[in-house]
Amino acid sequence: MSYFAFKNHNIYYDLQGIGKPILILNGIMMSTKSWEPFLNSFTASNSLLRVDFIDQGASDKAKIEYTQDTQADLLSALLDYLKISKINVVGISYGGEVALHFAIKYKQKVDRLLLFNTTAKTSDWLKDIGEGWIITAKTRDPRAYYFQTIPVIYSPHFYHSRIDWMKNREKVLAPVFSNPVFLDAMERLTRSAETHDVRDSLQYIEAPTLIVTADEDYLTPMPEQKYLHQNIKHSFLVQLPQVGHASMYEVPFVFASLVLGFINNPDVTYAI
Amino acid sequence: MSYFAFKNHNIYYDLQGIGKPILILNGIMMSTKSWEPFLNSFTASNSLLRVDFIDQGASDKAKIEYTQDTQADLLSALLDYLKISKINVVGISYGGEVALHFAIKYKQKVDRLLLFNTTAKTSDWLKDIGEGWIITAKTRDPRAYYFQTIPVIYSPHFYHSRIDWMKNREKVLAPVFSNPVFLDAMERLTRSAETHDVRDSLQYIEAPTLIVTADEDYLTPMPEQKYLHQNIKHSFLVQLPQVGHASMYEVPFVFASLVLGFINNPDVTYAI
Amino acid sequence: MSYFAFKNHNIYYDLQGIGKPILILNGIMMSTKSWEPFLNSFTASNSLLRVDFIDQGASDKAKIEYTQDTQADLLSALLDYLKISKINVVGISYGGEVALHFAIKYKQKVDRLLLFNTTAKTSDWLKDIGEGWIITAKTRDPRAYYFQTIPVIYSPHFYHSRIDWMKNREKVLAPVFSNPVFLDAMERLTRSAETHDVRDSLQYIEAPTLIVTADEDYLTPMPEQKYLHQNIKHSFLVQLPQVGHASMYEVPFVFASLVLGFINNPDVTYAI
Amino acid sequence: MSYFAFKNHNIYYDLQGIGKPILILNGIMMSTKSWEPFLNSFTASNSLLRVDFIDQGASDKAKIEYTQDTQADLLSALLDYLKISKINVVGISYGGEVALHFAIKYKQKVDRLLLFNTTAKTSDWLKDIGEGWIITAKTRDPRAYYFQTIPVIYSPHFYHSRIDWMKNREKVLAPVFSNPVFLDAMERLTRSAETHDVRDSLQYIEAPTLIVTADEDYLTPMPEQKYLHQNIKHSFLVQLPQVGHASMYEVPFVFASLVLGFINNPDVTYAI
């Protein structure tokens, strides 16, 4: 159980393995625990650093107002604390957005960057979807929150091919979505992303960047990742067919293979 | 103001114009009024029949249990009442699904069939989204219902290019979504679609059928319309880029042109 | 048999029907005859003007150097000759490109504009494909020319579903592709498109414009039509799934319906 | 310089590096030399086996009639010769098709399988394109062969962004395409793929399989790889936007990363 202090918060992190280091950043509802199924893959030849953001998992609930930029500062402080000067950063959704802030503000600390289901800006459309999540969270009705958030996170393809898993998910999440402490944290996390807009700063990202888009992602749809690809210099775009916003749950083997291949590949340029 | 009686309900309809007849069927939140901006197009060379389904617009609220099959029976009774033996049927979303039931059960009454943003089955995924709508309707909170339903109905592309219109929409819909009579009707309409599944009967559709899919439709996504196209014999598929579930609002000129072209074109087969 | 004179060439045209007038422009290998299967559709409620460009069909072979801009001048002269002040212009491929030149140079003569499988510029890639066609034409080998040009014109989907028709096409085209006069005309037509580049003038097009893209079009692929859509003000984009470059042959009913709907629809703007 | 004998042919191969072994299989116009830019990536943590098929590179020209099945037998003999019992197989285009034959006939020798720009069958459409290549090869005109084959191999996107490289390619390939020995080998290689059809045997592939499709691939277009994905049990599909048939040349870093990630990832199943 490892913690470090950031602005008066206990922040939970976990560091394992040896090799090229990977920092992996959670989506909004996730925590370090969500990556347990990936430990074998990510620690076989790499060191893996996981962290719970403020208001996530085993880290403290927020004692301050914060945005995704604050979470990026947290990452920088964590790396300093661990004396890691440079790392490969992988983020999904909320975590991908924090990764963008981090890669812009602390560019010298980023080796390679991987962005799954990420957007350059919380658009008015996405903000209004988030508004719906917040209003429903306040009802304290776990079923309302489940049906508001979960179906749009998964692709219809995955939902139907894994319907038993989804139905079980409803049971697993019922106590979580009944917990007012969790729901209030979700509200703050959602609000912390509302001002996200790094469009004008994407040009400063120098790291080789893999952008992964999913064609049944109905929260951060494909045009968002195409925009990132067009505006980040050394970027590469890969598309996952029949996959939704929760790409790491839907195609974990592909997700992990993309991460390992892009980070462990010694070459970036090819004399072609 | 025209009404006819169906199973003890007053059903509102409107018939205008002369020429090849068009029956146009509302999406779930729509009513005959929603088609006002299209009157000029649809009555220039055609006769247009609009109708409010049970629980829609100026028709009676439900006095019976019903499904989309009941609404198809209503259409058949209306045509008999108006002594129209055969008609071109256009439906969007809920209306497209009723159109499918009608084209299967009353095939001799269908000339040509046009399906916008339509699915052959209410999938588990869509059912769960509908469940969210129902739960939120019960909260009687108009803002909750607005943010639950409206953003996913429109494409992000339209939402952003018409953000003022969307913001006004919120005001326009506030009194509607505050009305418990409307919200209860919406619940019944949503439930009436839950058992929708005509996959095994699509083979019986003989009418030339135009299927229109929209690539930012996140309620009845493109694979649904591809399925319809693969399973309806004389069908044609057209895709609308950067358009969402509310295709008739988002690209009304294209919507109306597709309807007029497909219905008024004298030829179906070409000696090519 | 109607002819008019343009720069010392006899130009063949055909005018039929009454109603809103349609000018339809041939693709490079086509002629007025190619539209015979569409006569019923296009003359039912419209007047239809067809024309063979210089080096096409029953018009004279070229006596001058020309580009697609020359062909646009030809169209303007023809309309003047027929005392038609304004017309709806439909073009496919080469014809769509001439339509663009025409709509820019003679904008007051264009009512509505429809562009199928059209590009704003003959790109280096397309130019090199054309270069292959020209080199092969010089071999005077009809089979060489057939296999060079025909497979890439049709979608794999159409090719496989209509393989008998394609195999017959090989026989039908053998004498045509054996004719040195035809092959030399094809070379000149191909060269006349090499300098095509109206990217900087698209902003001057005022006509409501329907742009039709086909997702198995491997000669003027979809990004070309998306570019047109982004740069023509009052434009609308429709996509044809599983259709190739020869959209008018592959889905004639859809092709004709799009033309009729877009042209005969009285409304362009909707109060939505 | 390593050779081994197969059916009276000297077959050139090259084995380097240590680690999980990778067998990489050439596209039709390629040779072992084409992979030089990838050596650093593929030998950093892996052993890499390259081979020239009959009629390719430094291997003998054909002394027998052969199909892609023969080339698969060659691979099996090579592995036996090198005492390699099981290997990860990567193929692109022609090489991917041989990989399919190999994975079906010698399934116990395949660890993981990666197929780039590959098809389950040489369709009538693709056969006719190949027929064009063969006819043009017989003209012995290097420019004819260049413009027949090269533009369709590359995506328009790559062609335009790397136009200088493409123009140089024309010069580099001129002597190659002038060589009758090369052109005759190309004809035999093309013919050896004409009967390719493993659709009914895909069900026997047990290896975890990564299928990579490219959306500007106009020789083996995306529906081909979707078919493979639907019919190979443990398969995963990844799409490369704005990439053509020559994916390894167009996005070498992505190509290599996909190979390394998929092969070196220890896990195939995740407890999710």
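Lettered A, B, C and D in written order, each chain numbered from 1.
In this section, contacts are C-beta pairs under 8 Å (C-beta built on N, C-alpha and C of every residue); 3 or more make two chains touch, one makes a residue touch a chain.
Small disclaimer: the values here were computed from a predicted structure and weren't measured.
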Chain labels contacting chain A and also chain B: none
Inter-chain centre distance, chain B versus chain C - centres from mean C-alpha coordinates, in Å: 36
Gap in Å, rounded to a whole number, between the CA centres of chain D and chain B: 49
Graph class of chain-chain contacts, one of line, ring, star, complete, other: ring
Chain pairs that touch, as defined at the top of this document: A-B, A-D, B-C, C-D
Residue ranges of chain D in contact with chain C within the complex: 123-126, 128-129, 131-132, 135-136, 139, 141, 143-144, 147-148, 150-152, 154, 156-157, 159-160, 163, 166, 216, 218, 221, 223
In the complex with chain D, residue positions of chain A that touch it: 37-38, 40-41, 44-45, 208, 210, 213, 215, 226, 229, 236-242, 249, 251-254, 256-262, 264-272
